[in-house]
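Both of the next two complexes hold chain A, though its partner changes from chain B to chain C.
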Partner chain A sequence: MAIAIFFIAAAMAVAGGIGVISFRQPIRSVLSLVVVMIALSILFLLLSAQFIFVAQVIVYAGAVMVLFLFVIALLGPAKEMARGRLRFQTWLSALFVLALFGLVWAMLQGVQYRQPEKTDLNTFGTVQWIAVYLFTNYLYPFELTSILLLVAAIGAIYLSRKEGDDR
Partner chain B sequence: MSGFDAGGSQLDASWFLLLAAILFILGTIGVLIRRNPLMILICIELMLNAANLTLVAFSRQLQNSEGQLFALMSMTVAAAEAVVGLAILVDIFRHRDAEDIDDLSELKG
Partner chain C sequence: MNDLYNNAIGHWVIVTIAITALLFVVLTATAYTVWFERVALGRIQRRPGPNRVGPYGLLQLAADGIKLAFKESFVPATTDRILYVLAPCIAVGAAFLAWAVIPIGLWDNPKVTYWIADVNIGVLLVFAFSSLNVYAIVIGGYASNNKYSLLGGLRAAAQLISYEVALGLSLVPTFMIVGSLRLRDIVDYTVTWGPYHGPIPLILLTPIGFIIYIIAAVAETNRAPFDLPEAEQELIGGFLTEYSGLKFVMYYLAEYVNMITVSALATLLFFGGWYLWFVPPFLAFLIKVVLLLFLYIWLRGTFPRLRYDMLMRLGWKVLLPLGIVNVIVTGIILLAVQG
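Take a look at the complex of A and B:
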């Protein structure tokens, strides 16, 4: 059962990924990316990461994708030209990507995993379990993340202010 | 040895890693061959998601919390990156038409 779910979600993710890079109109690419996000959230559930699943659906499939859709709606349907200034760009990138994939494939062949830790699998990945680590061992990075988000919000407001509005 | 139990059947962590590699490669192709700056940002989001899948897969395989916490942090960083990147893009598009990423080469000097 889990194997079937894995392969369905993986097929969804790969199809969506191909859609992202092959559609000419940005809006279709964004919708394909939403498909990828949903498929990945199913995979997170298979990996018993419940909190990451919820965060993926809310933060990525919800907030970030809506942001992209808003920007596309704001900029209008930009047509993309197929021309490139660099000749052979497609072939060069295909070659580079094949080399990269070969490298990753070769690393995956002889992969050796460490012995799993003895964790209680009944609580693995739940909100409570994540929160215990987030607010004890990782409190400092967690607080730094809030500063990062604040800086990003201020930066976005500054960049999108009106012209000549320098008060 | 390299598998883990999921709802009664055995899943292999290397399947997840291979899928993440494929998604990352697709994102890389997109960044390399697309010309629209907005499309390049979208493909970077795809790559970040693939990296997240790797982190969570390792977290499950090793039954360790750090992978999921790192995935959470990288989600936050990706959201911040999307916000600032899109704001810069909107600002550029407001001043002129930049349908091609090669039109934005003034900083090259």
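Take a look at the complex of A and C:
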């Protein structure tokens, strides 16, 4: 059952990824990316990471991609023009794909498969479990991330101010 | 019951029956919510409301449904066909998926509780699915190739994202008090106050949370006074403008299912779920949900629609800070009480 779901979700993710780069209309690319996000969240769920699953759906599918969609919808249903295409683009992309798969292959060389250590699947990946680690072992990285978000928010507010607007 | 549930095949049988029953019950409930709304709105506006088809107009919805099902499905010429059809499907799918994690107590003795999935992340899953609802509206508005539809879709995107934050924050105090996101744990939360020992409606502990929740939830479901994405006086009907026939019905259905979901969730989170003195659990649950649905209709009947800048100001400058303060204050009180 889990294997079947894995392959369905993996196929969804790959199909979505191909869709992102092959559709001519930007809105379909965005929706393909949403499919990728949802497929990834299903993979998280298969790994018993319940909280990551739901965070992935809420944050990426529910908020980030909606902003993408917002911008694309504002631009209107114009088709993307095929222009500025490099002459040797095909060969270049083939080279990059080869390099990527070479890297993946090289990384997988030293990997040994084993059973996960004593993890209780009743608590693994739950909200409580993640919260305990986030607020003990990983407190400093977590707090640093919040500072990063604060900086981004302040920057966004500053950039959206009009010139000479003192409010 | 539990043995059967833990058995692999028994589990699937129970889940399938539960899903079928859910579809039937929620669809019926939706139909009568529409009837209830039209009658209640009629009374609020001093007119009788539907009373011709069947006793008390109860069959009005069946008549409307048949009319809309046989209506010619008119599709404007230059739409994006696939997205145009996909959008209402997303709306209905997201609306029903949220019910996967909502439990309902049915009977006290023996204790029977209905649920499809009882997961650790509970409430968050409802939010995850309802956050997909925005796609239905934005895509619908975009694919219709109509400026009013597009404006409605864009308004919806901004509105839903803004109020989702407040909606999530409004529930954090509840999670802090109960210590779980599982909806059954939240309903079964018991206190010992002097002679009283038992479940309480959590609204007594987080009244501010409930106020933020209900405002944000009304905005999330695009209902008046937050129905800016439709706003028939300014946008003709917003994202719904170009939809007719069954596709219109699907949007309409999704809206009312979302209303019922929000009411059921509020019942579970703030009003003690299916506990109400000696009233049988399913009846208690029903009464509370119907009262909350009436609140929805009451709001629609009495409040004028917000202007767009007021909507944004309310969301970001009032509800969000209030929600954060609510979380902090709850945390301090919890620390003081529990030590």
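A few points about this structure:
The rule we apply is simple: the second predicted complex is superposed on the first by the 145 of 167 C-alpha atoms of A that agree within 3 Å, B and C clash if a C-alpha of one lies under 4 Å from a C-alpha of the other, contacts with A are read in each partner's own complex, and residues count from 1 in each chain.
Here is the rule we go by: a contact is a pair of C-beta atoms (placed from the backbone, for glycine too) under 8 Å apart; a residue touches a chain by one contact, two chains touch by 3 or more.
These numbers were taken from a predicted model, which means no experiment stands behind them.
In this overlay on chain A, chain B fits alongside chain C without clashing.
Once the two complexes are laid over each other on the shared chain, residue contacts for A:Ala99 go to neither chain B nor chain C. Residue contacts after overlaying the shared chain place A:Gly155 against chain B, while chain C stays out of touching range. Looking at the shared chain after the overlay, A:Phe68 reaches chain B, while chain C stays out of its contact range. In the overlay built on the shared chain, the residue A:Leu31 is in contact with chain C alone; chain B does not reach it.
Contact with chain C, but none with chain B, is seen for A:Val57 once the two complexes are overlaid on the shared chain.
In the superposition on chain A, A:Ala13 contacts chain B only, with no contact to chain C. Between chain B and chain C, more residues of chain A are touched by B. Applying the stated contact rule after C-alpha superposition, one finds that A:Ile147 touches neither chain B nor chain C. Across the superposed structures, the minimum distance from chain B to chain C, using CA atoms, reads 10 Å.
Residue overlap on chain A between the chain B contacts of one complex and the chain C contacts of the other covers 51, 63, 67, 74.
The part of chain A that touches chain B in the complex is made up of residues 1-3, 6, 10, 13-14, 17-18, 20-21, 26, 29-30, 33, 36-37, 40, 43-44, 46-49, 51-52, 55-56, 59-60, 63-64, 67-68, 71-72, 74-75, 78-85, 89-90, 93-94, 96-97, 100-101, 104-105, 108, 111, 113-114, 116-119, 121, 124-125, 129-130, 133-134, 138, 141, 145, 148-149, 151-153, 155-156, 159-160, 163.
On chain A, the positions that touch chain C within their shared complex are 25, 27-28, 31, 34, 50-51, 53-54, 57-58, 61-63, 66-67, 69-70, 73-74, 77, 126-128. The residues of chain B lying in touch with chain A in their complex are 1-2, 4, 6-9, 11, 13-19, 21-30, 32-36, 38-39, 41-43, 45-46, 49, 52-53, 56-57, 59-65, 68-69, 71-73, 75-84, 86-91, 93-94, 99-100, 102.
The touching residues of chain C, counted against chain A in their complex, run 80, 83, 119-121, 124-125, 127-129, 131-132, 134-135, 138-139, 141-142, 145, 150, 153-154, 157-158, 160-161, 164, 179-181.
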